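A, B and C are the chain letters, set down in written order, and residue numbers restart from 1 in every chain.
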Amino acid sequence: MVEQIQDQTPYYVHLGDLFDGPMDLLVHLVKKNELDIYDIPIALITKQYLEYLKLMKALNIDIAGEFLLMAATLVHIKSRMLLPTQDEPEGEEDDPRMEIVRPLAEYLQLKYAAEDLVKRNQLDWDVFVREHCDDDTEFVDEGSENLVQVSLFELIDAFQEIIKQVSPEHFLNITVDTISVKSRISQIADILEQRGSVTFQKLFETQATKGDIIVTFLAILEMARSQVIRIMQHVSSGIIRIFHG
Amino acid sequence: MDNLKAIVESLLFVSDTSLTIDKIKTVLEIEDRKAIHNVLTTLAEEYESQKRGFFLAEVAGGYQLRTRPEYGQWIRRLKQTRPARLSRAALETLAVIAYKQPVLRSDIEHLRGVDCGGILRMLLERRLIRVLGRKDLPGRPIIYGTTKRFLELFDLKDLGDLPTPKDLQALGEAWPNDST
Amino acid sequence: MDNLKAIVESLLFVSDTSLTIDKIKTVLEIEDRKAIHNVLTTLAEEYESQKRGFFLAEVAGGYQLRTRPEYGQWIRRLKQTRPARLSRAALETLAVIAYKQPVLRSDIEHLRGVDCGGILRMLLERRLIRVLGRKDLPGRPIIYGTTKRFLELFDLKDLGDLPTPKDLQALGEAWPNDST
């Protein structure tokens, strides 16, 4: 009984579980728009940032405080940019954007550092030592070399495309219950068991209602988060494909 | 010991951590550091010139036999295991600690813009980071640093082996990947 | 695969059991048993003629790299100096002592719910814990505490640096994704 009641509660995902925080989202936006971080069109970035949060909200995804704080910061900077400048043209120091540019630059450096670590010959991946290791866990086929791992942001972009095709209007006020997401997860798992992989688009083809689409999307997010699946994108065709983790 | 080279090789072969010259000295009860160093150099050269399947890596202040990175794909197939790779968030947190150590949790979180408690815990559990001490501040916050295991995992001789922030900037012409 | 020899060698190097030709065939996705057999023979001959520290043993229907028996004495010496890994039970006991010291055996056993006599003896032998004294109680029970060696083992400057359960709690839950 209790379980049933719990299962009927709305599906709840924390944005912080899916994404690495507001800085990561900013980097994604800057990258997507091919911007120079030292000259960010603050109005554009603020608009896109808020659109993301809106989409997350519509999907019933809990938005952590730090994402909202960043939104407030962006809006604040935007408003300061609009204020008439007094006397002299602004030096770099007076540019309100510096408030996010500095941390953003530092964050980027940190990302490069992390990436450099990945590029090194990692023990137990690139190089191995002789050791007696326990042989549990499953076999992984790395798949075709033409595939690259996609971020959840790119996934959301792809999802936005699908929504646009199906229905242009917003889809607030849709409650998604846990049962449907759970059962969709098991359906997708079945598909993957049979075929090994499936394209992102294919999973949405049979979906009729907006609610179903959201359920499918949340199911994919949940599966990606728990590393049940891996999401890869073909380099040239741009087709996103989902594999068994 | 006229077969010093073969003996050192056999020690390297069975050791599951990197071996320091001091350690080899102790085990073999010889004083001649130079001789051991020469033997190690010869071995490293032989593995190169003979194109063996492994090489002598200098990691974490010592020496270790490791398979060549270009054969990693085959070994992964043999082992059929999926090693627990670190997530991007974990790598970023590690990078902050590696570069900024000794560092406080609050500094890491300030830089990354998100809570890092869970990741720090996991990194501690995996012994990739350690507690260096506590800061003389209210609440005596923990100071973090990286471990020898961190060096081993990423094939680093020592922390100085990490690229400088300047190198990173130069490397930064391409955007970092944001793939999860 | 022109570097078949090196690849097969790298597989032999990491394998903790003997490798059959069939297994190598499967991993490398090649059909040519003869080629693999030739490579194995060449490797065996090279190890002999070059007097390497290891040789290719034919065991249990497969092949395995092993150190030469004549170097066994040195390898045993190396293994003796290696800090043996602590079992889960030993770690738990050690943790109880570290956090609760000075502590009685009865307190430790009360907390862990099992007899700890054997583990305490082992920890004493390894000099990770020591006898701090005896309590003024019937039977004069022993009071235990940790040693300097314990601090070294865990890379700690002093006991005050030991992360407390509260510190861990403050970090929150470890990320399940990373603990794969």
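In the analysis below, contacts are C-beta pairs under 8 Å (C-beta built on N, C-alpha and C of every residue); 3 or more make two chains touch, one makes a residue touch a chain.
Keep in mind the model is a prediction, meaning the values are calculated, not measured.
Undergrad: If you tally the C-beta contacts for A-C and for A-B, which one comes out higher?
TA: Taking the two pairs in turn, the one with more contacts turns out to be A-B.
Undergrad: Average the C-alpha coordinates of each chain, average all protein C-alpha coordinates together, and give the chain whose average is closest to the overall one.
TA: Central chain is B.
Undergrad: Could you give the separation in Å between the centres of chain B and chain C, each centre being the mean of its C-alpha atoms?
TA: Centre-to-centre distance between chain B and chain C: 18 Å.
Undergrad: Taking each chain's centre as its mean C-alpha position, how far apart are chain A and chain C in Å?
TA: Roughly 39 Å, centre to centre.
Undergrad: Using mean C-alpha positions as chain centres, tell me how far chain A is from chain B in Å, no decimals.
TA: Computed value for the inter-centroid distance: 30 Å.
Undergrad: Going through chain C residue by residue, note those that touch at least 2 other chains and give them in order.
TA: Only 10, 13-14, 177, 180 qualify.
Undergrad: Got the chain A residues that touch at least 2 other chains?
TA: 128-131, 133, 137
Undergrad: Please give the residue numbers of chain B that touch chain A in the complex, ascending.
TA: Per the touch definition, chain B meets chain A at residues 13-14, 16, 57, 64-69, 72-73, 75-76, 79-83, 85, 88-89, 91-92, 94-96, 98-99, 111-115, 152-156, 162-163, 165, 168-169, 171-172, 175-180.
Undergrad: Considering the complex alone, what residue numbers of chain A touch chain C?
TA: 128-133, 137, 225-227
Undergrad: Applying the document's contact rule, which stretches of chain C touch chain B when the two form their complex?
TA: The touching residues are 3, 5-15, 23, 27-28, 46, 50-54, 65, 67-68, 71, 74-75, 77-79, 81-82, 154-157, 160-163, 167-168, 170-175, 177-180.
Undergrad: Enumerate the contact residues on chain A facing chain B in the complex.
TA: 16, 20-24, 27-28, 31, 64, 66, 70, 103, 106-118, 120-131, 133, 135-140, 142, 148-153, 224
Undergrad: Which positions of chain C touch chain A when the two form their complex?
TA: 10, 13-14, 16, 176-177, 180
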